[in-house]
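Each of the next two complexes has chain A plus one other chain: chain B in the first, chain C in the second.
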Partner chain A sequence: MPVAGDEIETTRKFLKDRLQRDFITFRGHEEEWENIRGLLRRTVETGESNSVLIIGPRGSGKSKLISSVLYSLLSEKDFYKNALIVHLNGLIHTDDRIALKAATVQMKLENAVEGKVFGSFAENLSFLLACLKSGDKSKSKSVVFILEEFDMFCAHHNQTLLYNLFDVSQSAQTPICVLGITCRLDVVELLEKRVKSRFSHRQVFLSPSGDDFNERVELFKELMRLPTEKELRALEPRSINLVDLNSSLCFLRNIFEPKNYKFSKTHVEKWNKHIESLASSVAVKTVLEYLYDIDVTEVFFKNFLYRLVSKLNPDHSELTVDDISKVASVYNTDGKVLLLNGLSVLELCLIIAIKHHSTIYDRDPFNFEIILGRFNKFAKTSTSMQGVERAVILKAYEHLKNLEIISPISGGAAKVQKEFQMNKLMLTYGQIDQAVAKYPALPTEVAQWAQSSIA
Partner chain B sequence: RLSLVGTPKRNIQLSNIVEEVLFNGNSSLAESNRTNTPRRSRKINSTYDEDFICDEPKTPKRQKTSTSTPSSKSSAMTPTQKMKLIRSGAISAAIESRDNPLKRRKSDFEVARERLHVSAVPQSLPCREQEFDNIYTFLEGKLQDQCGGCMYVSGVPGTGKTATVTGVIRALKRDAELDIVPEFDYIEINGMRLTEPRQAYVQIYKQLTGKTVSWEHAHALLEKRFTTPGPRRQTTILLVDELDILCNRRQDVVYSLLDWPTKSTARLVVVTIANTMDLPERMLMSKVTSRLGLTRLTFQPYSHKQLQEIVTARLSGSEAFKGDAVQLVARKVAAVSGDARRALDICRRATEIAEETTKDKTVSMMHVQKALNEMIATLKVQAIKKCSKLEKLFLQAVAAEVARTGIEETTFLGVYTQLESIAAFMGVTVPVLGRALQICSKLGAERLLICEHSRTDIFMKILLNVSSDDIYFALQLKNN
Partner chain C sequence: MSIANVLEIARKYPCREQIITELNDLIGSPSEPLPNAIYVYGHTGTGKTAIVTEFLQSLPIKSKILSCIECYTSKLLYEHVLNSFYSHTVSKSNNYTPFVKCESMHGFIESLRQLPADSSYIICLEDAERLRDMDINILPTVLRLQEMTGLNICTILISQLPFDKFYLKTGLVEVQTIFFPQYTKAETQTILGNDFVNVKKRLASKLDNNEWSKILDDLESDFYDNYLNIFLNVFYRACRDFPELRSISRDCFQVYVEPVLNGTIDRNDVSKLWRNISKPLSAALTAVYMRMDSAAENQSNKALEDNQSFKRISQSVELPYYAKYLLIAAYLASHNAANQDKRLFVKNHGKQKKRLQTVNAQAKVTEKMQTNLGPKSFTVDRLLAIFYAILDEKVGLTCNLLSQISSLVHLKFLSFVSGEGNLMEGSARLQCTVGLDFVSHIGRIVGFNVMQYLCDFM
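Entry: the complex of A and B
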């Protein structure tokens, strides 16, 4: 039935779209959300200057918190007419010079013409400061500075930009709000003492709670279910007219728009029922709990769900428990073991020789000659490995080095011939044992040799 | 361009030449160049050329702007023209204005919050009367005597140094209007607002005339202004904030800033502000230290009584705060740093909390306690509590490995072995090595651990960035 196939395609598209591009739905942390929202609102409404740091582990939704708060505020005319938003990222704006230019452009100052900033770095700084100084509380627009990867800004020369931003926020000039976003817990220690003194020491700690598994099951349901007609109707159109706002906010561009999707009522009911039944099954819960043990962040879980959703197609219209456990098993496979299984038998023999050397000499470094000696002792008595040339073995050894299964000690800077260069093994014995056990069609001799070092 | 100026001697030569070019036309330059060594002359030529292009009034480019008056500020102005107007000070820096003015009516809390904001500097600073008098007498004396001098003010951040000095200047300005003291010019620069020390010349010159010029040019012009006698010259007070940033290796900027007051023609009074008390002895060359003189003033950190006084002075008339709530803030802050900014920020946060939570009109101890927890709290214990199960196990494994080896630095291999045994003990599936590495780097990004780049793989060195007691404490609390 082609119609049902279409439904599945749309469902997949919808779910993927929601997982990937929904930048503004923020779950949990109501208190922090209100805190930041109140802060931004006061900055714009009453012209109060503030500074705050949002700290949380990677993937805990720091940027999403900001975009969600801004989204909710920007739909108010009062806010966006009176606010300038400057968005800087420590990974893009790698020094103060670039950051300053970006800020000048985003604030649309006099010395910026169509995205190009004129004048030297020193001129730009003094002009920006003069502009901020010229403003005052009651008349000029409030500026919201969002500094992502805040810890990178701390590495800039003298922390000039941070000092000046915090200094403006602590003096009677243009009202600004400095929002720093970082994953480092000790970020305040990175600030210089005068910068630290000017920072208002508001810290919002954002972390997913690591001990409530039921939340995760709820999240699974929420992210997988389809909205009913009624819910769709209740949603407001989400994209704000960005031309209307006098700023180009990257995070509000091209966002997920649920209104673009339409489902038949029967399909939605059927799908949601299916998701409910999945969520209540014990096997699924075990898998989810396993993932929850690894990582509690939403991003990690979304990544898992994305892989899962990708399995949907017209021929395979329902997700099964089997699918879920199969996708989850990816998270517990060792990449290195897979890599070892792709090697040739000769290379595996070399690794076994290295392992024997390492067990005997307690992880002492080795070179090609040592390993060759050990390998030859085995090869002489074996039936399949006789008559392998030295050059071929050296080639295999080089291959191992390129795969970083073995790596030279002290960076290999010394001018030593490659046969005599000392290396160390970058695997655990467990990994080698697993690889030997899993290797397809391994000669029995090699498997036996791997068991004990006495050839 | 920096490398052009190798030694102070050459610097003086260079600035002379620049001056000559600017004031006597370019005829003398070619001759003076020829007398120099060829190499140096080339260098000077290049500087000269640059200055020539931007400052020589005869170039056609320049003429265009001089004809176009600033009043014809049309939208058709090219960026270069605009930049020239900015440099000449014809365009004033401005920021976009609001659509609608601020709302007027304010609640009690809002008034308190506004008064508590660090930017709301009161007319007279409480608890800094003595320092105020000290600086005032110094500056007034210098103004009356019409001579130059230096002063060095130090103290930890947030102890009211800049606020006091600017307060003194304000008082002096007022007195000058009443003809109690002679008129004077006031210039302020801040080391942290400059991209490099030499930009100080540019900023000083800009505050004198409003024009932006290159630093060589500005230096030459300032040198000329301060070293040649000028009739009817007023005394200039120069406030230099964040002096330590102006100290580069050669210290030529600090030297000239402190050398000008010694000239009888300059009539310059320099007040320098920095954090460390022993900066002149520690960082400055002896000839600079000697010029800085011994007129020094140190701002002590605020004691808890003073902090309390500062906060109550700001809140005067308002009933928003309870007395013991202010005292708690003052005592907590004074014990850590004596930073007034910190105390004011905490009070401000407390009003926000009070506004959110209670219908009450006052901030009580409870709110202050919450604000203190938020702002002086360490996040580490909280962060460990919120980790996932395997991350917690990993932290435990690091702690166990540290306890086993007795050395603080552990390697990943050892930690992984510990992790395997702990996981086996707890009945948890052991994560594969790659996953464990991922967990490790995640904890490293949060700085719960300090670890090397994961390129080093199983030989990665790992340090615990929290005390093992913290880990124990955080995990223990969870079990109960």
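Entry: the complex of A and C
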């Protein structure tokens, strides 16, 4: 009989696991999902060549769409046998040579290459192309190229790889499907003319929709509840034999497997009831709505839930509304204001001086001498900031520069002394006002000075 | 990790329990899935690195802590991480070769993929703001290693900056952030107070006087608290950097405690003690961050008082008579526009028409003054012309005179803007790097009013 504490630990682990590693369950965008799936299936089954770009902002679920589609296709034997999947990432495969090598390995052609000297880029490319071209529609395996961070590939020299891939996809050779994933909307403009003309111009846009808050509450319930035994049994085991296929498909390597977990019936019931009651409470809904206003993407929400779930431990076996609002407050805070509150009064005074300068001169750049003059005008009349040496003020000013609160304006100023180096302010006035308001035990005269520049 | 461990670390780092718990919550038990990346930020000296290091070392997870200053190229970064995860140490026996040679992100990821997938890994990068200056692909990649390697791996970034300073053009993935707030005044006092035993020991070993050491030993923590109160009242406004405060408070305590040791002031007479220390404290305040007296620690009392006059000393570098005038001339050349020279230095410079336009143009606000905007460059010819104009006596243009220009350059009072080495042919451009205070000081010595010749002050 498991102890109650252990149950909580397993619950936490289960929930974290599902939040972190469930690359397969894809929600929303059914049309796009079907579209991509159909495309891949046609490539493999009927030998159509294709190219498509999936475009969407970060966190909109582009990669997840691909992994989910692949997972569903790979469970079909026909697809599994007839497809080769090459997965490249613009961040990892930083030039065409590396990308080509990786592609060769992933297509299991490296043995064929080994006989020849795995020599120059050109040789390698022509070999790979020959392999691709020698096939025809009916007998050769189809190849699916997945290019993540597609925009990075556009920066490669002459876009050789893209040119050749698109070229093959345009001619009746080995059927290949090129799937590009990117978050740059202007990605087509990055392609060279000769590359662009070979691209099919099929684009799929994924943009998170932000007008259905009820869905978010449902998602909260779905992600937080535990599966009952019946549900667990109904699930099919998730496993793909990656060794046969392609060991580089890392996102499919460590997927979430609910079958590995076991819970007692009473605990599951109790927990699910707890979640239900949380989800129906008004206070929780306000917090969720607030988060929904910040960011509608699922990734952001999962990130929040991860943090929330991590609060669970045997001594704290249930989540409270208080927990939820506390975790949400992390996303509400402005890091810059927090940092401003950690500065000394002197440094804050300099920031106020900079603010006054910026308001008067309409955000003109400034140097240390200007700010020092303004600060000294204030310091002369104040009781708290009198008698601070220039060197100490300079040090405080440099500290602000290190924190990137002010940053030097560019333009050949290498030989200028640091006192005269022109800088610009990297904060908004609102942030400064907030920081002044929140600063603990700020001398009244400084607070007053912050309000008006007349010292 | 167990709660006991958390408490253990929390005891070592007072006032940080909440943050350590937060960190512990996020990492969870060793077999749990780790978050993709944790971003730890806060001011220097708030215990970020110390706590994270201590915490990671107490975990049964393979972890590697690296500084991005130390690993200034991507190659070093990759190889250090791989060495550590494959438990490979570089030594003489293996000729200091790394586990694998790894120069690109591709190699790094490939090597990581070969690690056993059933254990967890943590990479901790200090001074993470440096990652922005490295290859463009490193930052986005280390934040999503989990997705790319399929391992249970987490990256902890430690930096002083808020996370928005890291955003790239195409955005970054979400991370978990942990903020280390600056210690409040009360917290600073508590932490400094905990240090009392060490301070006593240090002082006793330095004094090397048995009788005094005994008195020192008898002092109670109340005494030290009083001192800290006075100390923080003076310093806290100018400096909140904890290591800095600790080092200064240690130095100043010796001055504070001395009259108690030699019996001139009773240890309970707080107001007398305060009067005794207030002057050295304000002297020390002028030298905060400078760490000037560390070498002269044994005479710290004197050094603290001398700091105020330090500037004067630096100003009294005894220059030859003509060099002084040259320096003044250089300052005037740097801070006056060339078209004003005629008006300033020629006796009969003609009548000046006063038109509204010129009056308005000359009405200056302090922010736009030449003296505030920095020195402009000038040619050697102009320097000499002004030099002859302000000097009453006649002096020949000799080699000796010109060599004084180069000695001023060596003293860093002047600096070359262009044409270095072409001093004689006159194409070199120089600028004056000293401030107005300094020059007026020199002017006073030779009886020359510098302010009178500055357009800014007319």
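Just so we're on the same page, the second predicted complex is superposed on the first by the 437 of 455 C-alpha atoms of A that agree within 3 Å, B and C clash if a C-alpha of one lies under 4 Å from a C-alpha of the other, contacts with A are read in each partner's own complex, and residues count from 1 in each chain.
Please note the rule applied: a contact is a pair of C-beta atoms (placed from the backbone, for glycine too) under 8 Å apart; a residue touches a chain by one contact, two chains touch by 3 or more.
Please read all numbers here as calculations on a predicted model, not as lab measurements.
After the superposition on A, what does A:Cys183 contact: first (chain B), second (chain C), both or neither?
both
Once chain A of both complexes is superposed, is A:Lys336 in touch with chain B (first), chain C (second), both, or neither?
The answer is both, since A:Lys336 touches chain B and chain C.
So, A:Gly5: does it touch chain B (first), chain C (second), both, or neither?
neither
Please indicate which partner A:Glu389 is in contact with in the superposed arrangement: first for chain B, second for chain C, both, or neither.
In the superposed model, A:Glu389 contacts chain C only, not chain B.
Classify the contacts of A:Lys424 with the two partner chains as first (chain B alone), second (chain C alone), both, or neither.
In the superposition, A:Lys424 touches chain B alone.
After superposition on the shared chain, which partner residues are touched by A:Pro57: those of chain B (first), chain C (second), both, or neither?
both
Considering only touches as defined above, state whether A:Gly373 meets chain B (first), chain C (second), both or neither.
In the superposition, A:Gly373 contacts chain C only.
Under the contact definition given at the top, report the residues of chain A touching chain B in one complex and chain C in the other.
57-58, 183-184, 333-336, 404
Inside the complex, what are the residues of chain B that reach chain A?
79-80, 82-83, 86-87, 91-103, 106, 110, 113-114, 117-121, 156-158, 192-196, 199, 202-203, 206, 212, 242, 245, 275, 337, 339, 341-342, 345-346, 348-349, 352, 356, 374-377, 379-380, 382-383, 385-392, 413, 416, 428-429, 431-435, 439, 442, 445-448, 457-459, 465, 478
For chain A, which residues are in contact with chain B within the complex?
34, 38, 45-49, 55, 57-58, 78, 81-82, 84, 96, 107-111, 113, 116, 118-119, 121-123, 125-127, 129-135, 137-141, 143, 158, 160, 163-164, 167, 170-174, 183-186, 193-194, 196-198, 200-203, 205, 207-211, 290, 292-296, 331-337, 404, 407, 424, 426-428, 431
So in the complex, the part of chain C that touches chain A is made up of which residues?
Touch list, chain C to chain A: 3, 25-26, 28-29, 31-36, 41-43, 46, 104-106, 109, 113, 117, 135, 137, 140-141, 146-152, 160-165, 170-177, 179, 181-182, 184-185, 236-240, 282, 285-290, 366-367, 371-375, 415, 417, 433, 435.
Could you please specify the touching residues of chain A with respect to chain C in the complex?
Touch list, chain A to chain C: 9, 12-13, 16-17, 19-21, 57-59, 63, 89-94, 98, 102, 151-152, 183-184, 247-248, 250-254, 299-300, 303, 306-307, 310-311, 313, 315, 330, 333-336, 338-339, 341-346, 357, 361, 366-367, 369-370, 373-374, 384-385, 387-389, 391-392, 395-396, 402-404, 415-417, 419-420, 440-441, 443.
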